[in-house]
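Next come two complexes built around subunit A: one with subunit B, the other with subunit C.
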Partner chain A sequence: MNKRKIYPQWFLLLPLILYVVFFLFPSLLGVFYSFTDWGRNTAREGLHFVGLQNYIDIFTSNKNYAAGILNTLKFTLISNVVKIIPALFIAILLYEGLKKTGIYRTIFYLPSIIPFVIIGILFRSIFNFNNGLLNAALEGIGLGAFKQKWLSDLGVVWKSIYGVDAWRGIGYVMTIFLAGLSAIDKTYYEAARVDGAGFWQRLWHVTLPMMRGAIMINLVFGITYGLKVFDIIYVLTNGGPGHATEVMTTYTFQLYSSGQYGLSTAFNTLLLLLTAVVGVLIVRTMSRNEEV
Partner chain B sequence: MKRIATLVICIALALSLFCVSASAENVVIEAVPNEGQFAGEELSILVSTGWMDNRYDPTIERFEETYDVSVDLQVIPADQYQDILQSNLANGTCPDIFWIQSNPFAIGTQIVNPEEYCIDFTGEAWQAIMPEARQTSCVYDGKLYGLQLWHNSPEYVMVYNKTLFDELGIEAVPTTYEELKAVCATIAEAGITPWFVPGADGWQHQLAFFQIGGVYEETNPGLYEALNNNTATFAGNEKMLEVLGQFKELSDLGYFGEDWIGTDSTNMVNEYADRNIAFAMANSSYIKQLQEEAATGDEYGMFLIPLGDNDWFPTNPAGPTMFGFKGTEHEDLVRAFFQFVCTPESLQEILDNSPNYTNLDVNVEIDQHWLPEEEEFMATVNPDKMGVSVLQTGTKYTNDYWMQFGQDLIAYCQGTIEANDVLANMDQNRADGASVVGDPNWQ
Partner chain C sequence: MAKKKLKRLALHAICIALCVIILTPFLLVLVNSFKTKNEAARMNLSLPTTWVFSNYAEVIDKANLVNGFLNSMLYAMVATIAGVLLSAMGSYVLSRNRTRFNNLIYYFLICGLFFPVNYVTLVRVFNWLNLTNTRIGIILVFTSAMIPFCVFTIYSFVETIPKDLDEAAVIDGAKSTGLFFHVILPLLRPTLMTCFILQFMSVWNDFLTPLYMSSKGKLFPMTMSVYQFFGKNSSYWNFVFADIMLTILPVLAVYAIGQRHIIGGMTTGSVKG
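This part shows the complex of A and B:
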């Protein structure tokens, strides 16, 4: 086994040191601070251990932080569904059916390189009720009845966020699926066709099983992105209207801004735990399926 | 009829000018005599961008010439200023004079330890040039530390289209909530949004609640003090609940526009110019901007926010304020500088070099440059109703949670929380803020 080694183990040392110093240690420090009253006044008053008080505050505060946690989970689930399923079909379409796929790939991928701040400015303008492009277009084609308060109506605002998030993210997800599709041996499809398999049967029995790796990557990336979501919410609604679209990170940001660093890191620790648990579960589930 | 109206306005203006000049105590400060005692010294000043601009330049030049000294002005970008000031104070390398954006609680929360860092000016005659409300931003624990020279133009009152009001037959501006509602109904019937509230900005709509602090204090005398001592709460305050209810009622009636929660203020000038809106909360200087940018020929005026039947002027004692650094080697020169800028000649010079401001809020007879609209508006304000600060700077930790209150107010207008929850959340936020700085009243 050792004879087949290409690189010596000490090559690991530098990245390991960087990882420990700049990632692991600050993360553990953050967990430690979540059990303290770390705040703006700490330099003067000192740091005090408060046990689980910050965590108790999160779940018992009348500010309804729990709704922020639920919103985070909801966003994680729905945003992945609205991105992964369409992205998969677009990838298949581009891979199998269309000519000049390079142009389409570029068009679909382009939104994911636009900074969130620009997306926020762009879509806040498009979604404006009175002067926005979307409502004007709906009116222009005689569909004025479908005009919406896209970012201020409680029944619509989340759909607007999912829509913008999908617009931005589908191209990225699609690119990973395209890589997965290109790795599938074409003989499988030829054999399936010979056996008389239609599109859905080929999708179910060939494409999806062979794409397990790409799906897992998209799921892990998508779920971790969903749990950590901040930018898209911040630039579009900043948690509003009211507190309707608050997520864990917007609360973390608010608490940090107001000098409640301990409580803020408690939120981050919860997020870390949630991300770790969900991430490990997905990887384990998918790995088990691969072994089968 | 027009002649009578003109006559009445003229008399009112004359009376207002008389009142303004009569109410000023006209304190006259004289500069420290020059006996060559400071010759060759250098005075350093640390200030954030925009707090002095060029308006102090002629005064500083005269100061340098008068005492044969030099002034080193260190102007720091606003986003870096706090960090630089705090580190300078902490390591004892602060310039002789430094500035902070003060309010009645800022000395305790920003400078934190004024006894260690600030020259004690208690007993200096120039204290009297500042109106009492401003002195609260300069005094801590009974000692005078700061000097605040700032304008007192009406801030965030209702700026309305006077021509439009006339055309719609609205004869008088509303002074009570019921009158406001009636005016809104008349305007809405004409297909115009009565009150433009840019809720998407996140920081403007809650002004309607906070700018009328005087009416809360009047209804519950001692409320501000009790709030600052943590012996009273926002929650359960009947007047505040009434105002929140009125705000929601106007929102429900559509008087803020169809989508005020999703609308920001970027298009406000055009909305005024196109007569899509009749009034909005703005500063008096906004009238000048409207006249220049909209250029429609419409006349504008101002009235107090009438929620809660408010008739209190939104006095706001916050503003950039000068402090002397205790560790300076030129304490006498610092004292001489403070005295120098308080002389009538310097004050006039400072105002004359401030194109964006129409007045200086001082008890000194100087030639103020009030806009005609400001004078007309100020004539309608009862001088006895100017002594209470707006709620956000009159009570501790309130301003720190401005945005959260705005979010709660929107949530209330959308029916997801109750009015008292909005107030209770502010209590909770203020308690959090107090705990961050270790305020003993909350322990």
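This part shows the complex of A and C:
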């Protein structure tokens, strides 16, 4: 039978057009504009090519934009480590140790359906130095010495962000691990048990290899989320104190707001490059898996 | 046996502790949304001395929440229905007719899972298309942004539907569009529900798109209204908390109704590795 007739190619038309016009084209246009001085005054003064000037500015200016890039990478790495490892162990404990876990799963997943904006506002209350719940709780249990200026102390602010991010995200990561665990054939565990394998041996030789798919999904979502993180930082600290917690997307927005569109798109282009590298690596592994 | 029981008890204790950590902030919002301004400013978990139910009525009025709610509803409903349906049509053809070209298109679309949206140039594109500060423009951005994820999810589900069905339907005289809309689409329901629920919530929760794409208050969805209200009234925690309650209630409702679709469907086909 003629496949083209049964499966009409025009079904692809609308999704492709939308994807190209509102998603891909703006990104490519951004690459073009990143080599120009596009800004608030362009309408009056015209658009000029400036070569690599925007990129040179990002890496050499005294505004410390480069630190924003480092922060993005740091956030991507640490926020994923603090979510994925605990989530993996919680998922295994739940799956192996308890029969009825429905209510726990429901509650653990709950924070990840709440808008980041709300979570940001909520934790600005909890982190409040004088009245916030966290400091009050520490004082209440006699640990008043550990009270912190959670969002304005340079040494603590990143830890607060990772904490909030983990509070929101661990349940989500765990849910994917649980789905992966339930897809593992139980006979593997029985065989391992017969062979006298302990918890760590089972984890290393059965669970982790069998959960490749779930781990992959968590890494893909986690890494792309980390590189593109905006809301939580914008609402919690807005890049502060000073510029200590700026990331690439907060700079993109700031430069957009101040009318330096060329520089702003240069930031976005760098982010595009970073995600493209990650994406190509992942898509290649995916398509290789398919061939096997 | 006793050891096993002890272990289970310890596990429950860990889980309950985690639940307390997760639920306490929600409780904080709930109790403080019923307090007076001065009492709410202390931001603790004690019950209100007098229950001020009028906080809600007042904040609905002050924060322009009806408008925000209608916008959020419109964006999330229309963008998600359009996005899921278009993605279903696309991934069906891509999955069934795997020509070299179509495989290329598939990976081309999947790239969107990783790339960031460039809002700065998107504003420019909006200018050219006369979509600046329009609801339809915002909806189109949401729809476009969800296409990669939906295609990725639906594509692998289409594979589980036997191809014999298509041939049988065609032999019975079904047209190609009829085959898709009357035979395939109903079978895709579980994965469409998953996509719909996840994307509905993500549009509802989105903050970045309206932040760039709408400069007019009347286009703001609830997330933007809350943020604006918080910016202007950050000492009125009673109102802020009431505002938060009203903003998260709709997503909580969707979660309660659609929970099994999320947890069951989020990973279909992709965790098998």
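Heads up, the rule we're going with is that the second predicted complex is superposed on the first by the 264 of 292 C-alpha atoms of A that agree within 3 Å, B and C clash if a C-alpha of one lies under 4 Å from a C-alpha of the other, contacts with A are read in each partner's own complex, and residues count from 1 in each chain.
What we mean here is this: a contact is a pair of C-beta atoms (placed from the backbone, for glycine too) under 8 Å apart; a residue touches a chain by one contact, two chains touch by 3 or more.
Just so we're clear, the structure is a prediction, and the values are computed from it rather than from any experiment.
In the superposition on chain A, contact is made by A:Ala244 with subunit B only, not with subunit C. Ranked by how many residues of subunit A each touches, subunit B and subunit C are led by C. By the document's definition of touching, of the two partners only subunit C reaches A:Phe25; subunit B does not.
Legend: residue contacts after superposition of the two complexes on their common chain; A:Gly259 is shown touching subunit B, with no touch to subunit C. Of the two partner chains placed by the overlay, neither subunit B nor subunit C lies in contact with A:Gln53.
Using the contact criterion defined above for the overlaid structures, shared-chain residue A:Asn131 touches subunit B and also reaches subunit C. In the superposition on chain A, the residues of subunit A contacting both subunit B and subunit C are 128, 131. Against subunit A, in their complex, subunit B makes its touches with residues 112, 199-200, 202, 257-259, 261-264, 267, 400-401, 404, 407-408, 410-414, 416-417, 421, 424-425, 428-429, 432-433, 435-438. Subunit A makes touch with subunit B in their complex at residues 37, 39-41, 44-45, 61-63, 124, 127-131, 149-152, 154, 238-244, 254, 258-260. The touching residues of subunit A, counted against subunit C in their complex, run 1, 3-9, 11-12, 14-16, 18-19, 21-27, 29-30, 33, 90, 93-94, 97-98, 104-111, 113-118, 121-123, 125-126, 128, 131-133, 136, 167, 171, 175-176, 178-180, 183, 210-214, 216-217, 220, 224, 227-228, 230-231, 234-235, 249, 252-253, 256, 261, 264-265, 268, 271-272, 275-276, 278-279, 282-283, 287, 289. Taken in their complex, subunit C has these residues touching subunit A: 7-8, 11-12, 14-15, 18-19, 21-26, 28-29, 41-45, 86-87, 89-90, 92-94, 96-97, 102, 105, 107, 109-122, 124-125, 140-141, 143-145, 147-148, 151, 166-167, 170, 176-177, 179-180, 201, 204-208, 211-212, 223, 226-227, 230, 237, 240, 244, 247-248, 251-252, 254-255, 259, 262-263, 266-267, 270-273.
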